[in-house]
Amino acid sequence: MASEEANPKTVDDAEQLVQSEDPQHPSNLICELCRKFYALGWVTGTGGGTSIRYHDHIFLAPSGVQKELMKPSDIFVMDFNTKEYLRKPSVLKPSACTPLFLAAFTRGAGCCIHTHSQWAVLVTLLVERDFGQSACFEIEEIEQIKGIGKGRGKVGNLGYHDRLRIPIIENTAFEEDLTESLEVAMEKYPDTYAILVRRHGIYVWGDNVHKAKTQCESLDYIFQLAVEMKKLGLPWAKSSDTHLSDI
Amino acid sequence: MASEEANPKTVDDAEQLVQSEDPQHPSNLICELCRKFYALGWVTGTGGGTSIRYHDHIFLAPSGVQKELMKPSDIFVMDFNTKEYLRKPSVLKPSACTPLFLAAFTRGAGCCIHTHSQWAVLVTLLVERDFGQSACFEIEEIEQIKGIGKGRGKVGNLGYHDRLRIPIIENTAFEEDLTESLEVAMEKYPDTYAILVRRHGIYVWGDNVHKAKTQCESLDYIFQLAVEMKKLGLPWAKSSDTHLSDI
Amino acid sequence: MASEEANPKTVDDAEQLVQSEDPQHPSNLICELCRKFYALGWVTGTGGGTSIRYHDHIFLAPSGVQKELMKPSDIFVMDFNTKEYLRKPSVLKPSACTPLFLAAFTRGAGCCIHTHSQWAVLVTLLVERDFGQSACFEIEEIEQIKGIGKGRGKVGNLGYHDRLRIPIIENTAFEEDLTESLEVAMEKYPDTYAILVRRHGIYVWGDNVHKAKTQCESLDYIFQLAVEMKKLGLPWAKSSDTHLSDI
Amino acid sequence: MASEEANPKTVDDAEQLVQSEDPQHPSNLICELCRKFYALGWVTGTGGGTSIRYHDHIFLAPSGVQKELMKPSDIFVMDFNTKEYLRKPSVLKPSACTPLFLAAFTRGAGCCIHTHSQWAVLVTLLVERDFGQSACFEIEEIEQIKGIGKGRGKVGNLGYHDRLRIPIIENTAFEEDLTESLEVAMEKYPDTYAILVRRHGIYVWGDNVHKAKTQCESLDYIFQLAVEMKKLGLPWAKSSDTHLSDI
């Protein structure tokens, strides 16, 4: 994929940014991921989005498309340094998630996923009711926690005895207006790879596509388990000194 | 697809109304949508239906077929102006939903979907029990509400702070007898793109296939979330002045 | 498929009973149905079974096979009149459901399906606890009831205002020992197209494959809805004179 | 597959251990099983694992890979007698489950499956709360119990009236540290084909791939049913002298 690295000078060059027979090419990967995420119920009704950073190019799923039907020709490409679009499908709108994805890429992410997972939404409501508006989602002693990295620049993943903490920010009328509080949360919780948005969903990222997808799946598993635990009256944490963190 | 616009004069012409290699042809789209809707549990046991208006032709899935097995040759075609069938598969029966779909097409819809979604059915039962028989389903501050349009002739979609209101009509013994109360609800709530039918399911429409499908998915997501919220004791709306509307 | 009607005289003839390129051939249909039923969670862990009567030949899925992997060469064929096997795969065992399927075929069925659906099992437990061991499962005013036929020899399906009644028999240690109580229930409820087995699952049949599958799907939809209604505290029937029937 | 039986002397020989056009070859089977298990939610986020013993060769899925994307070239092969790797993909890590799988193979298993099924995790939490930390999961009179074998060296499966008992061990920080308590449980319950791990998942094995998969599916079905029974207030066992066993 070496040739994608130079910025395009012509329309043909711009097309080559997203057309490749390599299934690992970012524009092919985004389409494959979106099909999977649709099947998981994460991007229902054109919701959610996915973006990959490949060197200085940011590949972005567009706004308002049926995610299971996406084609490489639907993908936007942005120059990471100049924040200018190198490729803009004329009939589509850029994703309102773009500034939020950029916030993660600026902090070293290689891939960022936004879902409307119902388990994520329910968890934000349960935390608010049971632990207050400033509380994080917190859970401990669940094996799947080991699917989440320790934090940027740290080696390895969380352990079984580590408490998983995912900050929650309040939703806003316009998606791009989440950027400021997302960045505040990213600074306050520099080790987190995910931020929940109350009544909305989640942003998850990772050093690369593999890690972002794996962390997104692991978190969704944990949220689903946490909701089922609530239904069954099972506590999320053993110790009582929980949910004191505020944001 | 220009040639479909003339009404057929021979059996061969009638066949050409539904046979096309273009995956975007209405008869191909209906079959693809029905396969997806089967996988989502919306058209179990031959339930539900889908119809597309393309210029003056109405394409209709037939009654009583296994929706995941539908073929273009199963599709009925009706002239929108004369309401006469231009194509009628001899071994199949027209859908009892036809007058209900026509009510939406008359009001500008380009595609209409009827599902038996269990989440829709449960929501109609919960609204009746908790807010009375004349109440609409109402929910607010859920991001997915932004997947629903503001209303016919209005630009853009509902906002996060808008309250979503979906009217509910009572079921009848025969599907076609729903037409009158459906039309009353359409007149009373001219901005709605969907009407719930108690103990039965939902009718959802949109300006085109993309919008009808997206709105149907978004509403189903919201109904499922609403049912899970009830199980967890979470309220559908923050303010208390809710569910005062009657139909 | 006319040639299948003669009984086979040689091994080659026996093979021809189950090998056909016609997707509507009973042995192909059984394999396709079993793949679908596996995806629906009805035949998990080699559970459940399916059988089709085609003229005087009974096609039967074998015992103990992974239902999603079944091939036409796995199918048993029995002569309906003599009850002798016309084809018996040497490495497989006939289904223990065979006498139960025959009870339905004797009463005019063209296809019989046995599932271990969890919704069916849960419904048998809820009926026992809430209405007693002799009660049928009963529900009313759910649109999907219209997916169930009025009864053998009767024209058309149940109406929305008809009460659906599915008898429940007690499970036995050996599947074949269910035959007697299944037949007693069939005689007591001659209009039923299904019989639940407590803590086990359900037998559903129909005049042909289409009707058996449609009725099985419709019933499973209704059982799932009924379980969800119980979780939400919603009653299965409006009137109080319910569940007085005994078996 | 006879040629796999000799240990490889060259890199080419090692490659041949995992490359075959036979869909029943262990490395093809592991990939197919992992795709199915991903769809079932058992191996989300690279969790879980699968291993097959074929004569003196142990085929193992690697650690940390997306299970639905696994290829035969990702498979590790170990010599059962020497416990040395005959094939080690250079870029992958061996599964931390390896000593646990070996514990099952040493006791006669032909295939071993490890899942993070949420139903298994929830069942371990419910047993701890309702019956104490030393209790097994116990259930009786559910037809699907007949999908589980009587025990190593015993002919046939459990009966409907047999009580199913699955021991539960406590989770540890590192997966390999489960080995000792897993082996203690295997010795204490020599007839079990599965051991639950609290807050983690389950290990299931069988004489061959068919039996391991069937037992894993049957147990998962039973755990899901048991969780739903708890939500509905339905007891797991009729008699009161339950859950007295300790481990």
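Labels for the chains are A, B, C and D, by order of writing; each one numbers its residues from 1.
Convention: contacts are C-beta pairs under 8 Å (C-beta built on N, C-alpha and C of every residue); 3 or more make two chains touch, one makes a residue touch a chain.
Note that this is a predicted model, so its numbers are computed, not measured.
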Shared chain contacts [chain A and chain D, defined touch]: none
Angle of rotation relating chain B to chain C [CA atoms, steps of 5 degrees]: 90
Residue-number overlap at the chain A/chain B interface, same or different (half cut): different
Interchain centroid distance [CA atoms averaged], chain A/chain B, Å: 32
Geometric centre distance via CA averages, chain C-chain A, whole Å: 45
Where chain B touches two or more other chains at once, by residue number: 231
Overall pattern in which the protein chains touch one another (line/ring/star/complete/other): ring
Touching pairs among all chains present in the structure: A-B, A-D, B-C, C-D
Chain B-facing residues of chain A, complex: 41, 44-47, 66, 116, 118, 121-122, 125-126, 129, 171-173, 197, 199-201, 227, 230-231
Chain C residues touching chain B - in the complex, by the definition given at the top: 141-144, 147, 159-161, 210, 213-215, 217-218, 220-221, 224-225, 228-229, 231-232, 234
